[in-house]
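Which chain is which? They are A, B, C and D, in the order written, and residues in each are numbered from 1.
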Amino acid sequence: MATVVHEPPKMDVDRLPGQGPGNGGWRNLGPASGDLRKVKNSSPPPASTGIWVGLASITMTFAAFTSALVVRQGGARDWQHMTLPPILYFNTLVIIASSFTLEISRRRVAAFMGGLQERVENPLRWLYITLALGLLFVAGQIFAWRELVSQGLRFATNISYSFFYLLTIAHALHVSGGLGGLIRVIAKFNKRVLKRSTLDATSRYWHFMGVLWVYLLVLLWMKL
Amino acid sequence: MAKLLAVTIIVIAIASAVPIVLHIWPLPADISAHGHLIDEQYADTMWEAGISFLASQILLAIFIWKYATPAPNATIKRFPGGAAALVIAAFVLVGTEVLALGVFGAKAWGQAYFSPPSADALPVQVQAGQFAFYFRYPGPDGKFGPIHANLISEANANFYGLDTTNDQDSKDDIVTAEMAIPVNREIHLLMHSKDLGHSFYVPELRVHQDFVPGLDLSIHFTATKTGKYEIVCTQLCGLGHYNMKAYLEVKSPEDYDAWLKQQAALQ
Amino acid sequence: MTRRYHFGAVLSAIVLLCCGALILGQKVNAAGEGSITGTVKLDGPAPHMRGIDMSKDPYCVKQHASNPAHLETWVVGSGGGVADTVLYLDGWSGAAQTETSVPVFDQKDCMYTPHVLALDTNQEFKVVTSDQTAHNIHPLPNPMINVGWNQSQPPGAPPVTKAWKNPEVIPVQCNIHPWMHGWFVVVKGPYAVSDDSGHYTINNVPPGSYTVKAWHEPDEAQTQKVTVAAGGSATADFTLKAK
Amino acid sequence: MHDMSAHAAQHGAPTSFIRKHIFSLDHKVIGKQYYALALVAVIVGMVLSWLMRLHLGFANFAIPGLHLLSKNGAPGDIMTPEYYLQLMTMHGTIMVFFVLTTAPFAAFGNFFLPIQTGAEDMPFPHFNMMSFWVTFTGFIILMASFFVSDGPTLGGWTQYAPLSAVGAVAGPGQGTGVVLWAFSIAFFCVGQLFGSLNFITTTLDMRCKGMSLMRLPLSAWAWFITSIMGLTAFAVLMPAAILLILDHVAGTSFFVASNLVINDSLLPHSGGSTLLWQHLFWFFGHPEVYIAIIPGMGIVSHILITNMRRPMLSHRVLIYSMGALAVLSYMVYGHHMFVSGMNPISSLAFSFPTLIITIPSTIIVLIWLGSLYGSKLRINTASLFALGFVSMFISGGVSGFFLAQPSIDIMLHATYFVVGHFHLVMAVAAIFGIFGGTYFWFPKMTGRMMNESLGKLHFWLTFVGTYCIFMPFHYLGIAGNVRRYQAFVDDYLIPLIPVHKFITVAALATGAAQLIFIYNLIHSRFKGAPAPDNPWQGTSLEWSTATPPPHNNFGDKMPVVYHDPYQYSVEGASSDFIMQTSSESVHSADEEK
């Protein structure tokens, strides 16, 4: 969405340990001659690599669920395709909106950190809005489950409902993890100890949750 | 100690090969029409695997013998050709080897699985359940009656859940606890599982197929030697898995007909 | 010293008195109890019982070399008497557990002996094996009523002692030998099982009016009302129909 | 998401006992914790295998005191059929998950990957700590299933549905036992996902100055490749375990087909897919085999190089071959299902990559052999075990030729041939890697040397013993001996029982030899000779720091790497090895080749 603003590289060959992440990293291809002058001095902060690794494993998990759904839907005659509760479409809007608000707050935090923005309230407000939207999404999902249960459509009613509950609950749990991350970001920002890499990683995770939700919605809505 | 290790490796390698070379525990004798393809494939693979096994173990032993505890002024020697030669060797030797095995193996596999059963193949149904096989012959009408899962009752010996009062096709079905087949006649085996995953394995017949609950599969084979063999389950199905078996009797056509009549009388 | 002797003597006397009272009391009670007897017969000819092919286990085949095994759904004796019918008192409201003996459920020659085992609630019974092949005992009660189990008994294993908490008709099967099929009929109060000639006697029935219920597999049940006098005997004969 | 990287560098050495030894953030302590877990698990697994072998070799043999383990499972000390299967399932699960995955990958990887990359710690130490404790919880849950009323599950470590999914009606342990098993596996997966996350990020982002990817030692490469596999494989097994749990507790039908009848009663499920479980399981299961063995390859290469005093013929080819194994392992999983009712054409499609996977395996073996040629091989316990690994890997590997072909698999599927194959190539070979790694790295991990004489005795008994156990498995399989049988009642199997007796005796003897190792481990931990910093004259970073390494691995000065990892016997150099941190300028033919 936007350019990632890296922290300025810091490098000291003889630095003492305990003062930041490793000096090497995957960009640090050392020359054979042992001449270290050409060596690049920084690697991306581990959080930004780590988040991609984490997202990869979440992707694999949902890919496994997807393949189970495809096999189960295609192979059996007992699949009763379900009608999604309408609130899900509202929830979709909420989670997409939250991605935009998070992106706005990310930029404002960056501006604040870069000294371009003086007032802390401005980025903080957008973080709170994102958090509220996230909570609203989870509440909306809970509302959808309750609505289905009140109609007698439970986990084991039909395999399509099993998959619906399974996927939405798994997603909601992951979103809750993201909410935890957001709260952490807000707390750190309030204490002025927030790092850019934390903010970037959290926002990537959050955007991923939005994309994942849209994917799941289409998957559950489609009849294969 | 290095020399001892080298000797041990060679002794183990040769000792491992002895029972194979002497055929102490061979494949069970083949009684099927298609089995020779599998056996040939097995023999070819045994040659290639055996040579690879002995050659690499002996090389390992020789190198250990020769290069352990070198003289103090010894220098490192490079393997002639280096890594490139080895990579090429692996690709060429093993590559052709596995390609050949793959292609010929595909033929043997295709023989067993890709050809449809002939039109006059004798249909026999086998049902697997915890922990016994039951077989069904269609009787004079040549048709199997439908299975009603809710009627299955081992207590009443209605192993297939047949409704003999209402289903016309079921009336003459013959259900047996052992399997008899005529020799030199193709059998079309229809496989049905009553409860869990099981398997149908007759080593002599070179036949091995899992039962998949909810999915009825079929295989076909021809037995070429009369005799009594065992059908065993190879898919873990519970505590009685080890004792899940049935006898297979390959009979002459006359004996088979007599047997079938006798079984029909017992229904 | 003497005081101690006195104390001992008094204590012994009290104990003796108590025991005597208990024994006497029981005798008095037993004298008041009656019994219900009768015969269970089958209406019509005995149904054909299919033979059992045990060929999967050569041990079982050997055991039945001289007496071929067949289903035991209807075991009909001479004169049409039906065995393995459970007779009990419907709606028993007496003592919680009247039967205290420990009956044996034997796995013999790859069949169950007896084919039907009647039990009082919480009455212990022993499952034993006389065979040189492993069996598994797998009763399948309704999980809402009783707790099921599934346990193997290899040759030489000690007996399994179990009991059922609630009244229920529970089928039991050996999965290793799927033709092995039997029943645990768990009832409340006194019961009897008809013998090969169809006779039965329910003992220890206190005087009063009862509904005698006859149960025969798979789900045949008939009732009769009888009145038992103190120390007397009532009769209830049943005639079942094979379905 | 969670920025703990700052913490990685900032956390000072903890002082309290709990923070230092139990809930430690230090990758070295976590590595040792994993090693201890694997040690406990392997002892449990080995005892289970003794009981199984006793029962197989001597049918209805009363094992004194067995009824104390399970009243229902061993009435009168005689093992029941279900108890055999329960022990077998637990043996498989414990060994595959809690030994073969934790010891070479999680234990050694945790301890040495950060050191070999020149990092102060893993980037996310809290995740690392959770990784161990979640795995540990999984182990406890699995052990708990021994104590539920009808015992642990009997479904085998592959836990095929619907046997695993229909509940207690299918057999003892198939109710609560399976649910506990599945929870244990789900926990284990989460733990290993956390671990993999750390391993990958450490390798990519935490390397010290001058440490290019190709300068990483082979062991570090093996852990890196394994962690990528772990990330994808465990992320698939976990959802499969969740679906299995739901079939039990929520009454869903993911894996249970319609109209199944057990004990004359119709099961209340419909429409589930049996093969779905197999596909999900083996998509994890086959990579898992390589997750167990690739770290062993890396460790063994590392040990061999140090003791051959020369680098491998090609550093890169070994790395690429291990990478190829990893990639191919995802494309071959169907060879476990040749006769499972999968489309016969897909069987062929799975057969070819399976055969092709022999090429990278062969390359690896040939590189080892070719590097042995003309080397200056030193014989010590570690190198003996490494050479034993090579021998085992060859023996177990060639039987793969048979099992890769669906036509021959008709004969050998689910027989002892398969059991012999995977025990040699995956279990015993990996265990040899673990032993080798232990004898090699024990000085660095504890600061004390292990006893070499006892170590060599242990090697000889184990090497000969394992061949005596597992070679006959192949013969049994060729004769058609089906696996997972608790007794051999089939007429054609009865003549094979003497072979089983031989295997049982060999297994008991080999098992007893492991007591020497355990004694050596414990004795050397407290009474061993103090270890120097670089006892084997190695070159990689773990040998350039103190023994045992300080809390932040390298003391007050971060290492700078000037060389490829294995500069041994370099002509014109001041000694026969040049440490990676040495700034000595040399001309090496092998550098960056």
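Methods note: a residue touches a chain if its C-beta (ideal position, glycine included) is under 8 Å from a C-beta of that chain, and two chains touch if they have at least 3 such contacts.
No experiment lies behind these values; they were computed from the predicted model shown.
Engineer: Which chain pair shows the largest tally of C-beta contacts?
Structural biologist: The chain pair sharing the largest number of C-beta contacts is B-D.
Engineer: Indicate the whole-number Å distance between the mean C-alpha point of chain A and the mean C-alpha point of chain D.
Structural biologist: Once rounded, the distance between the two centres reads 32 Å.
Engineer: Measuring from the mean C-alpha position of chain A to the mean C-alpha position of chain B, what distance in angstrom results?
Structural biologist: About 49 Å separates the centre of chain A from that of chain B.
Engineer: Can you check how far apart chain A and chain C are, centre to centre, with Cα atoms defining each centre and the answer in Å?
Structural biologist: Averaging C-alpha atoms per chain gives centres 65 Å apart.
Engineer: Mark out which residues of chain D touch at least two other chains, giving numbers and ranges.
Structural biologist: Residues 80-82, 171-172, 258, 262-264, 271-273, 275, 487, 489 of chain D touch two or more partner chains.
Engineer: For chain C, what residues touch not just one other chain but two or more?
Structural biologist: 57, 133-134, 136, 150, 152, 171, 173, 175-176
Engineer: Which residues of chain A are in contact with two or more other chains?
Structural biologist: In chain A, no residue touches two or more other chains.
Engineer: Give every touching pair of chains, nothing left out.
Structural biologist: A-D, B-C, B-D, C-D
Engineer: Could you list, by residue number, the parts of chain C that touch chain B in their complex?
Structural biologist: The contact residues of chain C facing chain B are 50-57, 71, 73, 133-134, 136, 150, 152, 171, 173, 175-179, 181, 217-218.
Engineer: Hey, which residues of chain B end up touching chain C in the complex?
Structural biologist: Those in contact with chain C are residues 129-133, 154-157, 159, 176-178, 238-240, 243, 245-247, 266-267.
Engineer: List the residues on chain A that touch chain D in their complex, please.
Structural biologist: 13-26, 28-30, 32-34, 36, 39, 43-47, 49-51, 53-54, 56-61, 63-65, 67-68, 71-72, 75-79, 155-156, 159, 162, 166, 177-178, 181, 184, 195, 197-198, 201-202, 205
Engineer: In the complex, go through chain B and note every residue touching chain D.
Structural biologist: The touching residues are 1-2, 5, 8-9, 12, 15-16, 19-20, 24-28, 37-38, 41-42, 45-46, 48-50, 52-53, 56-57, 59-60, 63-64, 67-70, 74-79, 82-83, 86-87, 89-91, 93-95, 98-99, 101-102, 105-106, 108-109, 112-114, 129-130, 149-150, 152-155, 161, 193-197, 199, 201, 203, 206-215, 217, 230, 232-243, 245.
Engineer: Using the touch rule from the top, collect the residues of chain D that touch chain A in their complex.
Structural biologist: Where chain D meets chain A, its residues are 1-6, 8-10, 12, 117-120, 123-124, 193, 196-197, 200-202, 204-213, 215, 231-232, 234-236, 238-240, 242-243, 246, 250-254, 258, 270-273, 275-276, 279-280, 283, 552, 554-558, 560-564, 583, 585, 591-592.
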